[in-house]
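You will see two complexes here that share chain A, one where it goes with chain B and one where it goes with chain C.
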Partner chain A sequence: MTTVNSGLARARRGVAPGGSGRPSPSRTSLNRASKLHGQTSRTYFWLILPSVLLLVLINGYPLIYAGVQATHDGSLIDAGNFVGVDNFTSVLGSEAFWKAVQFTIVFTIVGVFGSWAVGLGLALLLRTRIPAGGLFKVLLLLPWVVPIVVSSTAWNWLVASPDSPTNKVFTALGLETPLFLADPTLAAITVCLFKVWVSFPFMMMMSAGALTSVDNTVYEAASMDGASRWQQFTGITLPLTARSTYISWILMTIFCVNDFPTIYLLTGGGPVDATTSLVVYAYRKVFQDFQTGPGVAVAFLMTITLVIVSTLLYRQIRKSSVE
Partner chain B sequence: MNATTERNRSFSRRGFLGLTAAAASVPLLAACGGGSASKTGSGDAIKFWDMPWGTPAYNDAAKKITEGYAPSGSNLKASYQTIQWNNFYQTFSSAIASKTGPAVSTGGGFQAFQFEQQGAIAYADKVIDALKKNGQFDDFLPGVIDPFKSDKGYIAVPWQLDMRVNWYRKSLFDKAGVAVPTDWNGLLEAGKALKKIGAVGFMTGAGAGNFLGNHAVIQMIVNNGGGVWDENGQVDVMNDRNVEAIEFMYELYSNGIIDPAGVSYNQDNHDAQWKNKSKAAYGPHVFGLTNRVGDSSGDLLVADPIAGPHGDKATLVFPNNIMMYKNTPNQEASEAFLVYYLGKLKDLWQQKLMNALPVFKSITELPEFTADANNVKIVKDWQPIAKTFAARSTKLTANTAVLDGGQALTQFAQTVLTGKGDAKTALKAFESGLKQVVKS
Partner chain C sequence: MSTVLHTHTAPPAGVGQFNANGRKRRPVSEAGMRGRWWRFALILAVTAVVLVPIGAVVVLAVLPASASSTTGLTLENFSGVFEKTLASTWLANSLVVTLATVVVSVAVAAPAGYVLSRGKSKAVSGYSLLLFVMQSLPIITSVVPLFILFANLGLVDNLLGITIVYVASTMSVATWMMAAYFDSIPVSLEEASWIDGCSVFGSFLKVVLRNSLPGVLSTAIFAFLLAWNDYLVAIVFLRSNEIFTLPVGVQSFFQQNATDWGSVMALAVVMMVPPIFVFAALNKYFSVGGIGGSLAGR
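This part shows the complex of A and B:
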């Protein structure tokens, strides 16, 4: 039976009995083919070599140099003495580092899921037919489009002092004037809200793109089967946009962890380190405390963490694709 | 395809690859050679890098002075470049490391000490000798040159003083019916009276990028005869005078005399409080506050220095300086240019482009300077009692750079300005943080 099947298969490929399935070349033509193959490989090698060299120079060199700095006790000018993993251990033993880790986690979770929730909600809303929907889309993109220096100045104007408009509203309502940026807890909340405000348009665009790939007939069929709005959302919208959602989460996680200007421009990491994230901490280590080694060590730890988180989320993407 | 065409094809492919490799190697070779090519060779000009110390008109004027330099003998001409404050330390560090940096520059107040520690600074002893010869050395205001003298030589030459002085708004004191304080007790009482009319009796700010709050806290410490360092330049935070000063700051906070929102004020927010005629009544700020906030009403005035509980009177000064680097086409040419530039500083104040105290007495006597009574009061009453961040030591070092703007001081100042904890706990945390970053 096996022979019959294999014979049929060979026949379908047009191979004669006893043949290999390939034309039988002469020794000369074999040598010629081998030579051509070798030349082609060399050509490919030389063609990609400039790109590989550029990649190594652009990415590899700074990475290696950063590795040198992270294991030395010098400055930006002079690498100094080799100290092994001392910079890493000193950073990991620092209370300020773990406080920065804590805030980075909160900032990232709120930034990713807050902006995703708002973005998805608005994408679903804009999917319905509302008057001037296009105009709304453009207006809703503004927080993402406006330079962060401008938006942070606007937020500072809104909340920084007791005379700011938001504070005046609280005062007018007879409430105690909140110190949005001066109280450590309120400052952390304000910075997280600012991040959500800056980031939701990106999530909205990602979600809107994913939603266009969901056929309306799926919803119609679900409606006919008696599925509620919530059931349609959890049973159709979320699973069918999962791939795009995971990608947007990965990207937003990277944006949040690496986000320097949103925090630094609004609070500078204060008050009393309440809004100091890892990237702000690393910056301050290098450029304010002039401790290049520990600062770069923090950056390395951040990179490792980001790679792990991204890999985990990427696995989720593959899983959702398989499903 | 015959053998000839195959050979031609092979040749053209190799030729193409060869050309590609040659083309790709051009920027590589250029990059490799860049260091030496851009090094200041003997035929180059003296590169002078300057910061934006005022409006763009300042940089235009400084450029004109630089380019107007006519060197004598074999000395070189000078070129001018403005360096933005944003990431300036990185800019200088990268340039110095790649040997493409300036021969002479202004910069951060403690930059010269950092680069001196790293072996990049050329000592200015010959410049000082030249200033002694031309009479300018005797023209320095008292005490301004001393912090730059090290065992190895003069690390830099001061050219302007960034002073911290106490300002007050006269109309608010009149309204509150209280006298402008001359001692700490008076400051407390005045603050309470000002609070009743909704004004702030000790205004400062320590938000994003605003280091005046940090300076205000150290100013109070120095005002009480304390300091962050001992006489030998070692960290000494927990001394009695410091504890007393910080306890007083906590007392100011608990009485509502320090603005509780001040900890988050960036420079604009901070200045806005001074511009607001009903808010900031008293507090430390910079030289030229009236120009900074655009208030020419005559209502904003420089106060008398206040005395601490032991009778001490002192304030902070940041002597900004001009430094020379070892990477120069010609050291003598650098020195000659610096002597020339110091001799031309007067032009900048005559054109009213500077918002800082000059280091030369002759400039403080110019009519353009004395026209403002606040300037005269600062020279007469505040400059003589000014101490640097090095207090209680007299010598500035690279460690003072770590103190200024470092995380330890920022966290300490923000802790005090939010009234969290108590003085000793805050000072202990400050000392611990500082010891982790200073080099002994």
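This part shows the complex of A and C:
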């Protein structure tokens, strides 16, 4: 009886939608409930409005305007004339564009899986009991916390300055000093390594978050059944953290494709465009060659690809969470 | 699942005993201890290698320049850099922009995150998809049109201009982070306040937000790092030396004085101390793990 009474009492005072109170069928309480429901929707509207306005004005409007610019031959100051798809065809026909596509793909694959492998490895290590484990956890996040401007300067000094320690090591060994940022292949490798160095802490945090949800007893059980460490890793760790891993790959892919400072500050896109990704390519077209149309066309092509891919991936994430 | 059941029926001797609560007591065997020290050595080595670039910055900043008569460690690089550059102005600019971004983006993302967390309608999940799509777009696409728009509004070479762009670019992740935190707060708390006659907005402010300090701090740290570290937006929108934020200032100084490593690194230290300080102080609140759940949850 008491539960029914309290339920009625709460209903009489008008419990909001989604509440556990059972509204009585009397008219007044129904009215109150719907009034509160109306209030809820209205409040939600006002609560989300600033965010929507910001998104529309600062993210949405420029997207549409970018579409206009991509089909004009203007500059930053002058709108120019309508040229249809000329910018797109000229971009798609240029060798430099496809080279940038190629580098973007390599950079993204190395960036995502390199940082994931390192991040997951460290997260697994830090999960076990280690002296001063908490300190290591914080120290290992530093590459991600330190501004790229600072770390790229440090890397520049390490690999490219005449009095850097790497040079001294190579000279001491009697070897010729490798031109880390001047040789096209080496520069590409260095930039990719730099990206892994910057990004692994993020993957470490994501992995550590996922690993805390895995119950330790599962491992104990598996090891009693004679499962090797590797079998435990592939049979338990990977499947149980699969969803979070998948999400972290998606986020990191987006971060890598859209990355600008990591590449631009280390190499500026050179040597001979060897480390020019699509974003760097677009930036240089607009702000160095002053070809706004083609530059925005590149950005626009990326945008369309990313909208399609991210919508599909978003569906995929949601589906995986339902299962 | 059968393997799990085994543990409760027959724990083999020597592997581990279960106490009354069913919790395992760790056997500290010699092999276990040795494994622990191996892992410690491994992680120590990895951490040392990882921190080499950051260590290099600090060491170079406190070493005297080759032309200088000073020996040992010195702070003259720092005083020098503040004398001959606008470092103090850049530092102030960066602080103003970053703090403004943090405050505004939490103020906008918290209510939006609340709606995302509690709202069940189609429109809300549509907005969540929109946030995800916006997050995935290259910022360069919107930077060029915004540059033209801001030029007309007088917001180019203006700290307010880049603050607006920063707030907009934190929006997606900040909203997810807030929503993820609100998800962990039971709805029954709000229901109780509604019964006490509180409005929906009132209960959001007084009940939900009041209990969300870790979520707010987490979002604030994220916004702080984004605004403090950004380079692309700053290099496009800021033109004159006295309006530069630290990233642009440091980079321009580096390009002009590439051989004066002491001064360059002193400036770099000035730039990396605030984010490290913020992170060290508030690290326990920061969690990116929630983003995943927040993305998948709705």
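The rule we apply is simple: the second predicted complex is superposed on the first by the 249 of 323 C-alpha atoms of A that agree within 3 Å, B and C clash if a C-alpha of one lies under 4 Å from a C-alpha of the other, contacts with A are read in each partner's own complex, and residues count from 1 in each chain.
Criterion: contacts are C-beta pairs under 8 Å (C-beta built on N, C-alpha and C of every residue); 3 or more make two chains touch, one makes a residue touch a chain.
Bear in mind that the values here come from a model prediction, so they are computed numbers and not experimental data.
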Which superposed partner A:F287 touches (first chain B, second chain C, both, neither): both
Partner chain in contact with A:A96 - chain B first, chain C second, else both or neither: first
Which superposed partner A:D78 touches (first chain B, second chain C, both, neither): first
Chain B versus chain C as contact partner of A:L179, first or second or both or neither: first
Which of chain B and chain C A:S161 touches, first, second, both or neither: both
First (chain B), second (chain C), both or neither touched by A:A187: first
Larger contact residue set on chain A - chain B or chain C: C
Partner chain(s) touched by A:G268 [first = chain B, second = chain C, both, neither]: first
Which superposed partner A:I105 touches (first chain B, second chain C, both, neither): neither
First (chain B), second (chain C), both or neither touched by A:P50: both
Footprint overlap on chain A, where chain B in one structure and chain C in the other make contact: 39, 43, 46-47, 50, 76, 161, 264-265, 287
Complex contact set, residues of chain A against chain C: 10, 13-16, 18-21, 36, 39-40, 43-44, 46-48, 50-52, 54-55, 58-59, 61-63, 65-66, 69, 76, 122, 125-126, 128-132, 136, 138-143, 145-151, 153-155, 157-158, 161, 165, 197, 202, 205-206, 208-210, 212, 216-218, 220-225, 243-244, 247-248, 251, 254, 257-258, 260-261, 264-265, 278-279, 282-283, 286-287, 292, 295-296, 299-300, 302-303, 306-307, 309-311, 314, 317-318, 320-321
Chain A partner contacts - residues on chain C that touch it in the complex: 3-4, 6-7, 11-12, 15-16, 24, 26, 36, 39-40, 42-44, 46-47, 50-54, 56-57, 60, 107-109, 111-112, 114-116, 118-120, 124, 127, 129-149, 151, 164-165, 167-168, 171, 175, 187-188, 190-191, 194-195, 197, 199-201, 204, 225, 228-229, 231-232, 236, 246-247, 250-251, 254, 258, 261, 264-265, 268, 271-272, 275-276, 279-280, 283, 287-292, 295-298
Residues on chain A engaged by chain B in the complex (per definition of touch): 39, 43, 46-47, 50, 53, 75-78, 96, 156, 160-163, 179-184, 187, 264-268, 270-273, 284-285, 287-291
Residues of chain B that touch chain A when the two form their complex: 10, 13, 17, 20-21, 24, 87, 89-90, 93-94, 96-97, 114-115, 118-120, 206-210, 260-266, 268-269, 272-273, 276, 279, 401-402, 405-408, 410-411, 414-415, 417-418, 420, 437
